[in-house]
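See the structures that follow.
Heads up, the next two complexes both have chain A, just with different partners, chain B and then chain C.
Here is the complex of A and B:
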């Protein structure tokens, strides 16, 4: 009898603790769900559903009065997009701009991040400050600072001016993305490479670059995504038409919603392809990159 | 040996010259903008011919600019409040999460940052047209929150990852309810992070203009939108005056954030 109670008593804690821990994790994930619910609801209502509607409108028949015929299904908008030479040249120019700015932004960003990493004290604070200050300034001002009227030397208007202004817009993000990874890197590894006879540029290229590859990937993706969709710099500083300027005209002047929606969908598709390619190519050099 | 030393000196000089030139390129454009705000001419010119505060006086007499300023503050505060609420709760919830939900939430929150603002503007304009929210402050606040939330969310993820969760268990063992323990145990430990997150959200909203351009009307337009329209019409120094104010506000916000934490940490959070 005593033996039986003692065994049942000693057997008791196990199932109970199992139940308790299961209860705890259950209430844990329920609490997690409850806390994340507002965020998820927001993303669904303001991001997922609007894009579903955009997709739907891109398949609606364009209407003569501008907007679109509700409840119709048609591929006309996509046909218009794919058949238009103008649209393809606009997209071509946007991607050209995106690639040029991305390459420059990553190269210069890497150099500047390295300079911040290697400096110390007041110099380091000043360099960081020079990156954060433009970041906190509105895009309108950052673009307008490059207006020919403000540049005494007479910045060449046109594509070169647009590239410089757009670079000024994305470079701070590139520098910070690379720097935040670089700051966690061990300097001794670079020293070891130098002790073994590597020159300074070579030690940076072969030791530092692979280690900060996650930062480089973020820098490249952000620079690319924002330059491909550039609006302010090309509009203010050149006569060239980018995707953003063209689609704004479709939407606000022509009021052709289905075409604007279809072009946006095509653009998002092309951009996703390019961003996947950036991930794919750069990952081979650095490996192990996880989103967030 | 000497040639090696020589090469290293050249490298060092080139390296310093390189980053000093970049430093100048980052800061000078903004200084030029500030300098032109003190001119008295009708058109923007650099260097300004005569220094005066004419355009500052003009700013405080201009109802349009003051209204735009009010709109910017309303939208900024609204965005900061909403994004902070969503981001802090979401990141906090993530800490208890053992399902696969969290791995969906993080990319979902992040993706809007990578979508060109023109596409977001078009999409939300079509959406709000159907919902009848077009042109209201609410529509701009919701759009800006889409960009501000990821910043708050990732700042808070990094803050919560350093929080000692045993403190929360201790509070539970002492009988504190979930809300009580959050307010008394968690919040005091992460308040700097919450503050910095809210400031970042405010700044993001203050400077965003493409989405605002699509979603605002003449009564709800924010400062960057009005500055943009003005730039397209007249190149008078008013835009420089407004820019100077915006730069000063951002500097003030940055100073507050740095006092609460430190520059290096804030810089990392921005990326």
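Here is the complex of A and C:
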């Protein structure tokens, strides 16, 4: 193949095949690297370098007259984080919110995605459109709108109101993540299960859920990460303090950059552990993540 | 093991009628093939039997028990789907054991029974495989094992062989037939392939446009089709338009585009009158094709022949327009006064013909089937 290309290129001075054969001789990894360069540059600039700065600040000594002591190395910020009962109760509340919202959003998202999957025509379009519609409004306005809605029910200010509003923020993403996998599932498989004696709920549980597990994992990770780090809903609808609100306070009111940075790093570690656990646990119930 | 009664079965989707007034009795242990072109309602009928569709009207009885409104999971029928519908996240063995799991059979027993069933379809060594990695033929075997594992009263097969290549399909037809004879269960098999139906079936039910037109033994539906659709669907044939010229007690004489007056021997049971429009079916296997002009006796008018020697032979002269080799047979397309008729010979028969040769086509009028303008069969003889 390569030989045929090069002979024809030498016999006929065709510029396209000349370029082609030159590319073919170039090593595959070099070309791949070249193609990925813009992405690598972007990641470095936007993610790696800022995170390195954050990491560096977390190891600087706190200062009372500035935001931190430049050029110093210290573990004081981490000591503050681990010693503070307040911080641990804030983290506890954040994770509690994350778990509750994630469970609800995956459960409701699964039903909603199933409804879209099984409907057709106008109903299907309407169901899909109503998932996407909230995403067209600004998050702050969407969240504020819950105030007049929930006050008569006595849910604002309070955790219940925060859960409802946060669920409203993450649910569209959960639905879309699950539906995108479900849409590729063959309905005949469900019919086969029923034909073999599985009741309606059983057939979904045995056949649909394992197949959409990749979507469920994505939905769970997005809901969990977003809800643990919730800012807008708790800030606007309650007096509760979550991790994000606390970090904001450390930076803008207390001017304690090292503590804020250290708390963020600790949080990042905890979240990574949780997400790895979500993957590990859910993957055991079937589904092949490589197919997602 | 069960007998099935379908009574006035009907399925409508809004304005369209998928299945219309289907009634048939299927005997215990019978293998019935529902044969028809796509969209003829055969799969919908099968799905109603399985409980995957609810009939709009009519009743289904299994062993005399009305199961019309019973959902699929409460019915002891089992379906092999066209795309096999194996569970992709379960192993082959788990697939086969699924029905037993739903019936709360203990784990050890269901594993044993599933393995035995896999061995029966020659897939014993594949229990731990991922079904998505199997070939079409293997998937088909696993799907069959999965359906049989639950000991269904009735096995329903929805074109399970149509996605296989020709050779494998033919092997599987014979194997399916053997499994059926072995189990003595009732099978209902849906197919659009006539050869498959003829190979497998005890009886064939032919469907078109939602209706079950004729049910009968394979040779009965082939040799004695109820209408023109079946005659055309069950094999290749030449349809020739004809007009009744006159009739008498011995025959119907018709004029056709083939240029000669043809004889259809009849005892007068036909009820035809001169001027009636007919369609004749000349199957290639009844036509004999030979080089040269027809002899004088054969070209004499039909009337003369019938009167003189009682012959029912028809003969027309034509020219070979083209020759198609089809392996074991050669098909000749013969043009006769602008009309075209095809005949077949086995390759071995004497004297090869080529395009442009003058030939004579001969056939016995007894072998010709005639259909009225509405498609219904003309009975030329008292049954």
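Convention: the second predicted complex is superposed on the first by the 244 of 292 C-alpha atoms of A that agree within 3 Å, B and C clash if a C-alpha of one lies under 4 Å from a C-alpha of the other, contacts with A are read in each partner's own complex, and residues count from 1 in each chain.
Quick note on the criterion: a contact is a pair of C-beta atoms (placed from the backbone, for glycine too) under 8 Å apart; a residue touches a chain by one contact, two chains touch by 3 or more.
Keep in mind it's a predicted model, so treat the numbers as computed, not measured.
**Q** Once chain A of both complexes is superposed, is A:193 in touch with chain B (first), chain C (second), both, or neither?
**A** second
**Q** Is A:241 touching anything from chain B or chain C once the two structures are fitted on A? First, second, both or neither.
**A** neither
**Q** For A:183, is the partner it touches chain B (first), chain C (second), both, or none of the two (neither)?
**A** The first partner, chain B, only.
**Q** With the two structures laid over each other on chain A, which partner does A:204 touch: chain B (first), chain C (second), both, or neither?
**A** neither
**Q** Kindly list the residues of chain A that each of chain B and chain C touches, one partner per complex.
**A** Correct list for chain A: 200.
**Q** List the residues on chain A that touch chain C in their complex, please.
**A** Residue list for chain A touching chain C: 186, 188-189, 191-200, 202-203, 206-207, 210-211, 286-288.
**Q** State the interface residues of chain B toward chain A in the complex, per the touch definition above.
**A** 8, 11, 15, 18-19, 22-23, 25-27, 29-30, 32-33, 36, 43-47, 85-87, 89-90, 92-99, 101-102, 105-119, 122-127, 130, 142-143, 145-146, 149, 153-154, 157, 178, 203, 206-210, 214, 223-224, 227-228, 231-232, 235, 239, 243, 246-247, 250-251, 253-254, 263-264, 266-268, 270-271
**Q** Mind pulling up the chain A residues that touch chain B in the complex?
**A** 25, 28-29, 31-36, 38-40, 42-43, 46-51, 53-54, 57, 108, 111-112, 115, 125-142, 144-147, 149-152, 168, 171-173, 176-177, 179-180, 183, 200-201, 215, 218, 221-222, 225-226, 228-229, 231-232, 236, 243-244, 247-248, 251-252, 257, 260-261, 264, 267-268, 271, 275, 291-292
**Q** So in the complex, which bits of chain C are touching chain A?
**A** Listed in rising order, the residues are 50-52, 71-73, 77-79, 81, 83, 85-89, 98-99, 102-103, 146-147, 150.
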